[in-house]
Every structure is written in C-alpha cells, then in structure tokens.
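In what comes next, subunit A is part of two complexes: it sits with subunit B in the first one and with subunit C in the second one.
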Partner chain A sequence: MAKTTEITVWATGVVQDKEGRDVCLVLTEAAFSEGFFTQAFDNYVDLPDRINVQVRKYARISDAEIENKFEYENHRPNIIGVAEATIMKGINVCKGLQDGGYLIINSTKAPEDLLKYVPEKERKRLKAIACVDALGIAPEQLIDYSGAEGAEDVSAIGLGLGAAMAGAIAAVSGLVKKESVLGAAANRTAAKRGYDEVKIKVLK
Partner chain B sequence: MAEQYKDKKEEILKETVKMTGYEDAGFDWKSEKRVGATKFLTGLGAVAHALKMADIDVASSYPIRPYTGAMMMLSQMAARGELDVEFVHGEGEHGQLGIAHGASAAGARAFTGSSGVGVMYAMEVYSPISGGRCPVQMLIGNRTLDPPGDFGSEHTDALSTRDQCWIMGWAHTPQEAFDNTLMYYRIGEDPRVYLPQMNCQDGYFITHIPMKVVVPTQEKVDKFLPPLSFPDALDPLNPLGHGPQLFPGQGHVLEATRVNAMMGAFPVIDEVVQSFNSIFETNYSPFVDLYRCEDAEYVLFISGGHAYTAKFAINHMREKGMKIGLVRPRFIRPWATDVLADILSKFKAIGVVETNNAFGAARQAGILTLEVATTLYQIPNKPVLTAFMGGLGGEVIRLDEFYYMGDVLAKAAKEGKTERTAYWIGFHNI
Partner chain C sequence: MKERYKKYIVEIPEEMSIPYAGIVESPKVNGEQPMMLTGGWRIYRPVVDHDKCVMCKSCVLACPDATVLLVDGGQKIGFNLDYCKGCGLCTWVCPVNAIDRVPEIDFEDGVPFQDALFLLPHVEALYAD
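And then the complex of A and B:
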C-alpha cells in the first residue's frame, strides 16, 4: 500500500498566491530529489485574483505513483500550513486532518496561543502544532502571476516567505531532509532559518 | 476509407497490436528513452513550450478558464523576446478564430484556443477555416457548457464541433499534449491534408495538474516540423481570393475535396506518428493506444484524461484476475473506423466512458457511443456495448467507480447482454 502524505497550505489571494504555492513547490521538489513521487497544484475552484481572499495550495508526496492525481482537493491532509494566521479565526483550516497530523502557522505567537482556533475534534488529531515567524525571516512576498492558472512559474521558487514555511514544515514533520529543502529553495538562508527557528509544541 | 489508407491498413493494425500491453508514452516516464530536459509542466505549460519550439507566427487570444494559462505563457514569452510571435487579442472568440483564419490564410503558422462556452461562441468560424484549408491549430481546454457552467471538464464543447472538418484528438498526459501539438501541426500542414486541428485536453485534469514532461532539443523539433509552406497565401503584391460565394452547383465539389482531405489524413497521421517515434524515441501508436488488452475480454473505451486514472484501476482489477483492458482513441477526427472495428471485434463487452452528454441521441448516452456503435455495425459477432456516464460537470472519476464499471462489464461479457445502454456513475437508479 502506497504511503501518501498530503499537504494543504492556506494563503491569501494575490498577496501570498505565489508564496503559498512555493511552499508546496519547494517541498515537492525536495521530495522528488529524494526519489519520491510528487504532485504540487493549486485549488482549482479558489480564484487567486481576489486580494486577500483565502486560497489553498496542495502537495502530494508518495512512495509510489500517485493514483488520485486528478482529485481536486486534499480531503484528508496530513500536514496543514497556514501562511496567514488570521485565516484560522474564520475557517477551520484543519477540517479533514488525518490522525497524527501537523499544523504549521506563520506567526510570531507561541503555538499554545493559536491552539484555541483549532476546534476540539481536530485538536485531538494533532500530533504537533508549530509556529514560525516566516514573515520575519523572509519579509519578501513576491507577487508574480506567471505560475497561476496552470502556467509555468518563471520566477525563482522559494525566494521569500514560502521558503521559510517549507523549511519549518520539513523540520516539524520530518517529511523531507533538511538538505533537500535547502537545495530546493532559491532562498537557502530563509529555508534554513525556517527549519531551525520553528517553535514546536508536541501534543501527543 | 481513403484508397491510400486501405493499402496501409494491415500495417497500421500490426503496429497498433504490437503496442498491446505497453505503457504508452507519457504514462510511465521511467521506461521511456526520451532525451531532453525533464520539467514538471501542466498540459497548458507543455503546449506553450511546444508552440515556442514550433516557432508559431501568430497567436490570437481571448481569456476563458481553463485554457488561459497557455496564452499567459505565450504572451510572456513574446514579451521576453523568446518567441517572435504576432500576439493579437480578439474581441471575443468569434473574432479570435477570425484572426487565426486570416493569419493562416496569409501563410502564417497560427495558433488560437478556447474553452467551454468560448468554443461554442466561435462556432460559425470553424467551417470557413477548414473550408479554406487553413492549418490553424486550436487548443481546447475542455470545460462544461452552461449549465452546469462550472470550471470542470466535459468534452461536450469540443465534440460539438466534431463535424466541422477539423482534425481532433485528446491528450491524456501533459507529455502527450506537448507531443500532439507538434504532431498536429505537421499533420495539418501536410499538402495532402491542409486542415485545421483541435488539440484537446481535459480542463483541470490535464490543463492544471503538473506532471513530468521531457522537453526535447530544438534541433529535434526542427527536424520533425519543417516551416509551413502554404500555397496561394494571401499576398497584397499577388492578389487572389479565398472563400468566395459559390453557386449551388459548385458546392458539392468543395465538400468532396474537404472529405478527401480528411480521409487523406489517415496515411499522413501514420507517417507523422512513425516519424515522431523515430526522431523523439517514443512509442506512440498512430490511432489507438491499447493498455493491457493482450488477453482482455472486456474493455473500457476512453478518450482523454480519465484514461490516466483508468490505467491504475485496470492494474488493480488485473491483480484480482479480471480480464479488463483499455482502448484509447488518439484521434476522434478522423475516426479510424477499420482499425477500431478490428480491435473491438476481439472483445466480448465494451464500455464507453462518456464525459459528454448527447441529449436524446440513440441509446441516450454520449457522442462516442454513437461512433463506437456505428463502428461495430460492420462486425458480424458484435460485442455487448454499453456506456458509462461519468465525469460530468468535471467530476473526478475515482478508482472505485472504475471498479464498478469493471464489474458491470465482467457481468455483461459473461451473460452476453447488458441491462442498460447507459449507466450513470454515482446514480443507482438511472
């Protein structure tokens, strides 16, 4: 049975459209370099041209060919990334989370402080919650549309906030090696700092 | 069938059957010997790269999801100076096709594209383009019509234009979309054909999901695709007329030449695909891809993206001992009647997976069912034929839904009959 890890990243439309996607792209490229089968894609229904409206970016990393490549969403994600913490106030970002899942948030706050925004049902499934000051590490949020709507991103992947988030997700989940993430991100320093500086609260 | 094609029938069939059981191009990328840069590209990205390498002269655009990304990429390539292309933005799809028509009539390698309702809005212009024998290429990223009007993929948009004398086929991976772009131009620009082509791919499934694509070297593409040579191109220094108003007594001649052009495409497709295989070291069969059909008793008949998931489902059903295979036509126009009749006559049951709806048509299923049923008409012992209405509204067809289809087909093959002419996937009482 193939083991597939599904990652959902929540970000804001336009402002974080590329950075949110880059989290997934950096992680999948890192995993691909380690021999995994990967897929990174945008949510098709979210319209990324609405400023600050939440958008979802997905990644699938598997040890075998991904057979459900065409499914529109990650219905049962293992890892949730939140690039803009205020989204958690309005939306249950952890909906569908698998047991033993991880939640990684871009925030200067302590993980304990944000746990209250996760409903009881999903909180029980969390293995760890973590916060990383991704915006502090890499203040750049590149707005570039070249990678939207299925087109090829011609800018560098992982220049700003996305690199720090990807580093933090790798550190918390152990999904991919530190070296792979650093190698996949254009901003190596941000990925390294995200990996090193993430604050983790283990729940079980 | 065209006369030329008749001589080649055996050869084509042999070639097709030889492909039995092989995992076709772009599906199992590891087993391929392709040489080039491997990229993760969506179907749109793949087509844009192929167009750049095909060195198109004119692109005419109008935005509509999901095909827009290809035009985004082309316009950026033009802006960066990577591609010398006249990029013209139409005032709507009707105008967009008109621009492509004019450009092609002037001898330019022209490209355009659309999706869903946009494809329909340009309806009037398809016949003049093929009637003018202008080898325009159009990318169609399939989208539902209204209703349901969502962003998902249904083939109804492109299939509604199937009788306008355009070469037409579907890619089931981004790699195949890349390859088809080059192959279609060469088929359409062949002097024996000179016809426009619809390069179709499922919206979202192929247009938006990145998969591995090997981008070959420019040198190989140049070897495969020579520059367009179009006779009687419009030229202000040498005035001539295109598309004149005819008298009723003249029309049938024009229609007969158009039929000849379409039927003449059979040997050209065969040649072009063989040439593509030898230059790019690929394994395409010209008309039909067969997956695990070697001893299959029943098969799924799928055009387009869902064939990708179906292959995994078939692998799992095979593990359980089910004798199921997949038949995937690479071209809908021209329809390879004889090749398909020979292939399909070997099976006991056929299930056409329809991602379109033909309301009120014979058997009340989709458009492909009509084509397959007509194909089977010339076979003495006809297999059982049924249809699966799935993926409508762009819904994903899951593995378990393919298992359901497999069970229905196994039963039909065993009993020699089927309860319904169409099974609606996800509905148990229709």
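And then the complex of A and C:
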C-alpha cells in the first residue's frame, strides 16, 4: 500500500501567494530528488485571489504513483503549514487532519499560545505543534504570479519566507532530509535556519 | 405603452433586484451573508483613540466595506469587526492619526471563527473519517 503524505499550506492572498506556493514546491522538489512521486498545486476554490484572503496551497508526496492525482483538494492532510498565524483566529485550519498530524505555524509566539485556536476534535489528532519565526528569518515576500496555475516560476523557488517554512516542516515531520531541502531552496541560509530554529511542542 | 411590449416586463423580486443607484446597505452585526465574512482576512485591527478623534467621519466615507459605524447615538466611531478586513484605509485618511493598526493576534476575540470556507454539503463528507 502506497503511503501518501498530504500537505496543506495556508497563506494570505497576493502578499504570500508565492511564499505559500514555495513551501509546497521546495518540499516536493526536495522529495522528488530523493525519488518520491510528488505533486504541488493551488486551491481552485480560493480564487480569485484577493489581498489578505485565506488561500490554500497543496502538496502530495508519495512512495508510489499518486492515486488521487486528479483530486484538486487535500481533504485529509497529514501536515498543515500556516504562513501567517492570524489566519488561525478566523478559520479552523486543521479541518480534516489525520491522526498523528503536524501543525507548523509562522509566528514569533510559543506553540502553546497558538494551540487555543485549534478546536478540541483536531487537537486530539495533533502529534506535534511547532512555531518558526519565518518572517524574521527571511522577510522577503515577493509578489510573483509567474508560477501560478502550473506555469514555471520566473523567479527562483524558495527566496524568502517559504524557504524557512519548508525547512521547519522538514525538521518537524522528518518527511525529507535536510540536505535535499537545502538543495531545493534558492535561499539556502533561510531553509537551514528554519530547520534549526523551529520550536516544537510534542503533544503525544 | 404599446400592448405588444407588455410581455417583456418582468416582475423582479425584492431580494434579487439592484438597489437604487447600486448602493448596498452596510453589513449588519451578527447577521447577513455568513459565507461572506471577511473578518478572518484581517491582520491589523483598527483601534480608535477617542480622545484624538474629531468626528470628521472621513473613515466612514473611506471604508470600502462600510464597516465603520457611528455608535453611542452617532457620538463615537466604532467598527463592525465581523466584516472589517483590515485594509488600513481608515488609518490612512484620518487627519489626526486617531486610528491605530494593532496586530489582530494580540486580541482574544473579534474574529468570527469559521469551520471551513465555502463548504458545500456534499464536500463536507470528504473531510470526515
């Protein structure tokens, strides 16, 4: 039975559109270099993209051919990334989370402080919650639509905030190796600092 | 009017008709369009310093979502935080700098918590175990 890991990244519209996409792309490129089957795509329902609206970016990493390749939404994610912590206040980002899932947030706060925004049902399923100050590590938030809707990115992948987030997700979940994440991100330093500086609170 | 044009006149129900001059009423607190709540977009909340405020009402005109309210019988400026998306235009237009932008995450309340965005009944089942 193929094991597919689904990643959902929440970001703010326009401002973090590229950064949210980069989190998924850095992780999938890193996994692809390790020989995994990968897929990264945007949410179609969130469009049209408006400034600061909550948008979702998806990634799938599998050790065999991805069966649900043509499903355009991750309904049951294993890992959830939140590129802007305030999003959690208005919406249940963990909806549909699978048992033993991870939640990684870009915030200067401690993971314990943000746990109150996760409803009881989803909190029981969380294996670990982690915070990384991705905006402090890499403050660049480039607005670039060239990589949207399956087209190729003109600017490099993982220039700013996204690289630090991807590093943190790799560190918490152990999904991909550190070297492959550093190889996939254009901003090597940010990915390395994200990997090293993430604050993890293990819940079970 | 000539009799033959009568068949082209259609009665449009009130809720489907466009209001006079295209002016839509401001969103009401705790009501109206639950699918269109934009409070969750807000990263910086507008906070009024009532000592500085001179009640020029520039912010009322500037708000694109009509979420700036006149409270206390029109004596004070307030905000409808269910729909304010924190664009910061009120701060920008204020002539006496009475409106601050404070990070939303530092407040305990103020944002309507939604379980999901645009969730249709047949999609709800996909999220279940």
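Side notes on the structure shown:
As a convention for this text, the second predicted complex is superposed on the first by the 203 of 204 C-alpha atoms of A that agree within 3 Å, B and C clash if a C-alpha of one lies under 4 Å from a C-alpha of the other, contacts with A are read in each partner's own complex, and residues count from 1 in each chain.
Note that contacts are C-beta pairs under 8 Å (C-beta built on N, C-alpha and C of every residue); 3 or more make two chains touch, one makes a residue touch a chain.
Predicted, not measured: the structure shown is a model, and the values here were computed from it.
Once the complexes are laid over each other on subunit A, subunit B and subunit C both fit without any clash. Of the two partner chains, subunit C is the only one touched by A:V53; subunit B is not. By the touch criterion stated above, A:A151 is placed in contact with subunit B alone, subunit C being left untouched.
Once the two complexes are overlaid on the shared chain, A:K89 sits against subunit C while remaining clear of subunit B.
Using the contact criterion defined above for the overlaid structures, shared-chain residue A:V45 touches subunit B and also reaches subunit C. Once the two complexes are overlaid on the shared chain, A:E65 sits against subunit B while remaining clear of subunit C. The superposition places the C-alpha centres of subunit B and subunit C at an angle of 90 degrees about the C-alpha centre of subunit A, rounded in steps of 10.
Look at A:R76: by the touch rule set out above, it reaches subunit C but stays clear of subunit B. The minimum CA-CA separation between subunit B and subunit C in the overlaid arrangement is 11 Å, rounded to the whole angstrom. In the superposition on chain A, subunit A positions 45 are in contact with subunit B in one complex as well as with subunit C in the other.
Partner subunit A is touched in their complex by these residues of subunit C: 37-43, 85-87, 103-105, 111-118, 123, 126-128.
Residue ranges of subunit A in contact with subunit B, taken from their complex: 39-42, 44-45, 65, 67-72, 145-146, 148-152, 154. Subunit A contributes residues 12-13, 45-46, 51-54, 73, 75-76, 84-87, 89-92, 95-96, 107, 109 to its touches with subunit C in the complex. The touching residues of subunit B, when paired with subunit A in their complex, are 39-45, 48-49, 65-66, 68-70, 72-73, 76, 151, 204-205, 207-211, 305-306, 308-309, 312, 396-399.
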